[in-house]
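Heads up, the next two complexes both have chain A, just with different partners, chain B and then chain C.
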Partner chain A sequence: MAEVKIRNVSKRFGDTSVLENASLTIAKGEFVSLIGPSGCGKSTLLRIISGLELQDAGQITIADRVVDDLRPSARNLAMVFQSYALYPHLNVASNIAMPLRMQRLNSFQRLPVIGRFLPGSSAANDGIARQVRDAAEMLDISHLLERKPGQLSGGQRQRVAVGRALVCNPAAFLLDEPLSNLDAKLRVHMRTEIAQLHRRLQATFIYVTHDQVEAMTMSDRIAVMMDGNIIQTGTPDEVYDNPTDIRVAEFIGSPKINLIPVDVEPGRGVALLAGADSGVVAEATAVCLGVRPEAVTISPDNGLLAGTVEHAENLGSEEYVQVRLHALPDTLITSRASHGTGWTRRVGSTAHVSFDRDRILAFDGAGKRVACQPGVPHPASGKAVAHG
Partner chain B sequence: MADVTLAGNRYQAAQKRADRRRTSMREFRMQGLAWMLALPALFLMGMLLLGPLLAVVLLSFTDYSLGNGSLDWRGLDNYQAMLGDDIFYKSIGNTLAYVGIVVPGSLVLGLGAALLIESLTRGKAFWRAVYFLPVMATLIAMAIVWEFMMSARFGIIPQTLALLGFPAKNWLQETATALPVLCIIGIWQSLGFNMVLFMAGLSGIPRSLYEALELDGGSSAWTRFWTITWPMLAPVTMFVVIITAIRSFQVFDTVHVLTKGGPNNATMVLIYQIYQEGFDFFRSSYAAALTVVFLVFIFILTVIKARTIENKVHYS
Partner chain C sequence: MKPVSSSSSSGDLLKHAVLAIGAVFILLPFAVMISTSFKSPADIANGALRLFPTEYYGFTNYAEALSATPLLRYMANGVVVTVSIFALQLLVALPCAYALAKLKWRGRDTVFGLILFCLLIPPHAVAIPVYVLFYWLGILDSYTSLILPWTISVFGIFLMRQFFKTVPDDLIDAARMDGISEFGIVWRVMLPTALPAVTAFGIFSVIAHWNDYFWPLIVLSSEDYYTPPLGVATFRTAEVGYVFGPLMAAATIIIAPLVLAFLLAQRRFIEGITFTGMK
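Coming up: the complex of A and B.
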């Protein structure tokens, strides 16, 4: 269990810059996800932490020790690879035992057959076998110890890889998209297991993923990466409710956040959507409003803006309704309507959308978040909203 | 309306009967067609593979010699003669010694060359081509080059060894060294092929395994090789061993060009003895019996290959 500090790390591959001045501190026992689209540098950052890749500039500190000059094996980290990287010629027990054998046995004691009879090796081997059994029990794979990785299912291989990682009691766990090779159902299940494992071990976890659901559901904190930079770090709620950048707002959340072009009335600062008063006051630089689908209300007869229902998806528990606005034909608004509202039968009909004014976000031309708050009478309700 | 239906029913019944007849006819015709299509292949296989094999086996039970108009059945006479033939023992021993030296030699050196070339950052293609050259060159032509190189008076090898204090002689004409020299040429010749096979095997090992081992604490080249490279190459190694063994059993070109089995039968190998018996002494039936022995060896190797490669050394 250790704190991991990343300070101003940069990395280039040839002419392409993969990481630019990335900084992040991961507290002892924290579960932090590095999330971003492919090519954003998240895997490279993880590999730099592990020591498999060397940074061009910057510093990595693990438990207050600078590790830049240490080999991966000396950093006391464990990694779970996307491909699991299990040794295919060794059975599950030997796979899990590998880091312990490397730590505790010298190269003569590791020799096949002869190694067993060398002084000290039988005691060490007994200790290793016990720890392997404990780890296997913890992950519920005791019955698989004699099998080869080729005879295991994807989920079982995943567990063996986790077992190999946790058996050596590392300072931190590095997980590189460990669930991406599993089918959807198993992924949900393993998500829970990894989160539970983290709770039980109280260890530092650094988890790389491109799947925002994984990041949201498991992490204490999320670091969103784009184009080699960490653009926002925060708890899942912070990142979801208060994105500091339009790219974060777009990347996190499914269905995607609605982005609507906006004109800000000079003077009063009222944000106008196609001329209609949105009910919020925004900074003059705002060019775009963002509204999460669940903050969009849709009604057949009254609302802020009128449009046509273009598509509706019934998910059983809720419905996703897409409305093309009459006044802004380039804008498709997605609303998350509750179960049983029956919008799937009303595709093609007219609908009116309105927004929860407390949850409207505004962004400027560069994609940065700008201030925006409810403040003036809502034209649809006619009620005055007092606001400081 | 009813008439139409009745007529329809009757039509359908007739149709069904015709269908059934047609089905059996079709099956028959299909089977006939299948045999017809397979016939050329079967014919060629019989003519070119099984026929000659059978002829050789039958011939080994006769007293036929090349050019004779007739032949007599002699049962196991040829095999009995073989048991009393010193040259036969000599050639079996030499062949096994040759295989026993060339297989491990070209395996270790081929793997070494593959590992060294793979570790290069530049010039991989060049070195690959250099090592592969002997494989592509005709061995007969190369054997002539070796003959020059081994020549006592101006060959580069005896002359170089002479500088180191060894007597300047043609090592191919010495009873004690002729076979080892042939082995060296054999290794030189098959090294490149094995190297290419090993390189293919090496490129199939996922990089992430080495990375996992690096994190697990195995960072020395020695550990990497014995923990990952060697076990992961096991299927390729098995293949290389069998292929090289079969090819070494068939050693002939270099013997024919360089030593003719001499001196004192020191380099007499199975195939060369078959050649001599069949085409120098015209004892075709005895040559056939030797061929049967040779085929038994090849057959054993093939069985081992089929058993182990297909069952034992694959991991998934």
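Coming up: the complex of A and C.
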């Protein structure tokens, strides 16, 4: 368990820059997710922390010790890989024991057959066997210790990989998309298990994923990465409710956030959507408003903007309704309607949308977040009041 | 689902017929060899095409084969030479293949190209220069001269490199995280993973060098180091003249270990070939 500090790390592969000046501090015992689309540099950053890849510039500190010159195994980290990366020729017990054998036995003691009889090796082997049993018990794989990886299911292999990581009591766990090879049901289950494991071990976890649900559900903090930069770090709530960048707003949240082009009235700063008063006052540089689907209210007869219901999905617990605005034909608004509202039967009909004014976000031309708050309703337009 | 039609079953019949003819064509010389090794001189001289001998002469022929020349000594030589060659080939090929398949370094592709180019050089073309070199080194007529030229197998490097390419990078990274050194990865991770390919390569290598007649004939002068094929050759020119019975018995004896080895390794061998063929 240790603090991991990433300071101004940069990395290039040939002409392409994969990481630019990335900095992040992960506190002792914290669960931090690195999330971003593929190619954003999140896996590279994890590999740099692990020492499997060397950075071109910057510094990695683990437990106040600079580790830039240390080999991966000397950094006291453990990694769980997407493909599990178990040794196919060794059984589960030997797989889990491997890091301990490498740490505790010298190269003669590791020799097959003869190694067992060298001084000190039997005591060390007993210790290793005990720790392997403990780890297996903790992960509920004790009955699999004699099997080869080829005889295990995906979820069992995943547990073995986790077991190999936790047996050596590392300073931090690095997990590289560990759930993406599992089927959807098992993924949800393993998500819970990993979160519980984190709570039990109180260890530092660095978790790379492209799945925002995994990041949101498991993390203490999320670091959103885009194009080689960490563009926002914060708790799941902060990142969801207060994205500092339009790319964060778009990446986090499903269904995606609605983005609507906006004109800001000079002087008073009222944000106008296709001429209608949105009820918020935004900075003059704002070019677009973002509204989460659950902050969109949809009604058959009155609202801020009219449109046509283009598609509706019934998920049982709720409905996603997509409305194409009459005044802004390029904009499709997704609303999260509650269960049983029956929008699926009303595809093609007219609907009116309005927005929860407290939850409207504004972004400028460069995609940066700008100030925006509910304003005094325009006296000439009563529409904003209707659903205020 | 396609119903099994009569045309497909007659097609199967044709396939099997062609395969059977091929098998007979290849196995016939072996059958003749084995049947001749059990025949009496009169039976052989008779010239009639007969699979089974009219009188059993096997014991005499095999006893003659083993006593007329030190055949067992030649076979022991063969074992020493082929096993040493294969072991050294692995010692060279596995680290090379690992470096070519999994490590990143400047000029890797060029080096691999050069290695492929070496596949094009027939060993006979360099036989004379190597012979002269060994003459200068003073190691002609020894086990060393039989083994040394074959320790670097370009084919072995190529075959293992292709197999190693299919091993996931994550496995190697996991080994590095566990603290296994690069050489350790070659022997403790890559070798066990690539066992089918190693077996396939082993069969190629052992057969080629067990049966090699050309190179031992060039470098050896004393019979002490003779390998089985050379041994059989001395047999034929021994003062007794052409005695086919014992000659064929000797040939059967030297081929037997190969056949046994192949049968034992057959499953892995075919696995190795198909696996490497996948990528």
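Everything that follows uses one rule, which is that the second predicted complex is superposed on the first by the 377 of 388 C-alpha atoms of A that agree within 3 Å, B and C clash if a C-alpha of one lies under 4 Å from a C-alpha of the other, contacts with A are read in each partner's own complex, and residues count from 1 in each chain.
Quick note on the criterion: a residue touches a chain if its C-beta (ideal position, glycine included) is under 8 Å from a C-beta of that chain, and two chains touch if they have at least 3 such contacts.
Note that the structure is predicted; figures quoted are calculated from it, not measured.
**Student:** Could you tell me whether chain B and chain C fit or clash when both sit on chain A in the superposition?
**Tutor:** clash
**Student:** With the two structures laid over each other on chain A, which partner does A:Gly29 touch: chain B (first), chain C (second), both, or neither?
**Tutor:** neither
**Student:** With the two complexes superposed on chain A, say which partner A:Gly115 touches: chain B (first), chain C (second), both, or neither.
**Tutor:** Neither: A:Gly115 stays clear of chain B and chain C.
**Student:** Look at A:Pro374 in the shared chain and tell me whether it touches chain B only, chain C only, both, or neither; answer first, second, both or neither.
**Tutor:** In the superposition, A:Pro374 touches no partner, neither chain B nor chain C.
**Student:** For A:Gly150, using the defined touch cut-off, is the partner it touches chain B, chain C, both, or neither? Pick first, second, both or neither.
**Tutor:** First partner only.
**Student:** Indicate the residue numbers of chain A shared between its chain B interface and its chain C interface, in ascending order.
**Tutor:** Comparing the two interfaces on chain A, one with chain B and one with chain C, the shared residues are 50, 52, 71-73, 77-79, 81-83, 85-89, 98-99, 102-103, 164.
**Student:** In their complex, what parts of chain A are in touch with chain C?
**Tutor:** 47, 50, 52, 71-74, 77-79, 81-89, 98-99, 102-103, 164
**Student:** State the interface residues of chain C toward chain A in the complex, per the touch definition above.
**Tutor:** Spelled out, the residues of chain C in touch with chain A are 168, 170-171, 173-180, 189, 192-193, 195.
**Student:** Quick one: which bits of chain B touch chain A in the complex? Just the residue numbers, please.
**Tutor:** Chain B residues touching chain A: 206, 208-209, 211-220, 222-223, 227-228, 231-232, 234, 315-316.
**Student:** Can you list the chain A residues touching chain B in their complex?
**Tutor:** 50-52, 71-73, 77-79, 81-83, 85-90, 98-99, 102-103, 107, 110, 148-150, 164, 168
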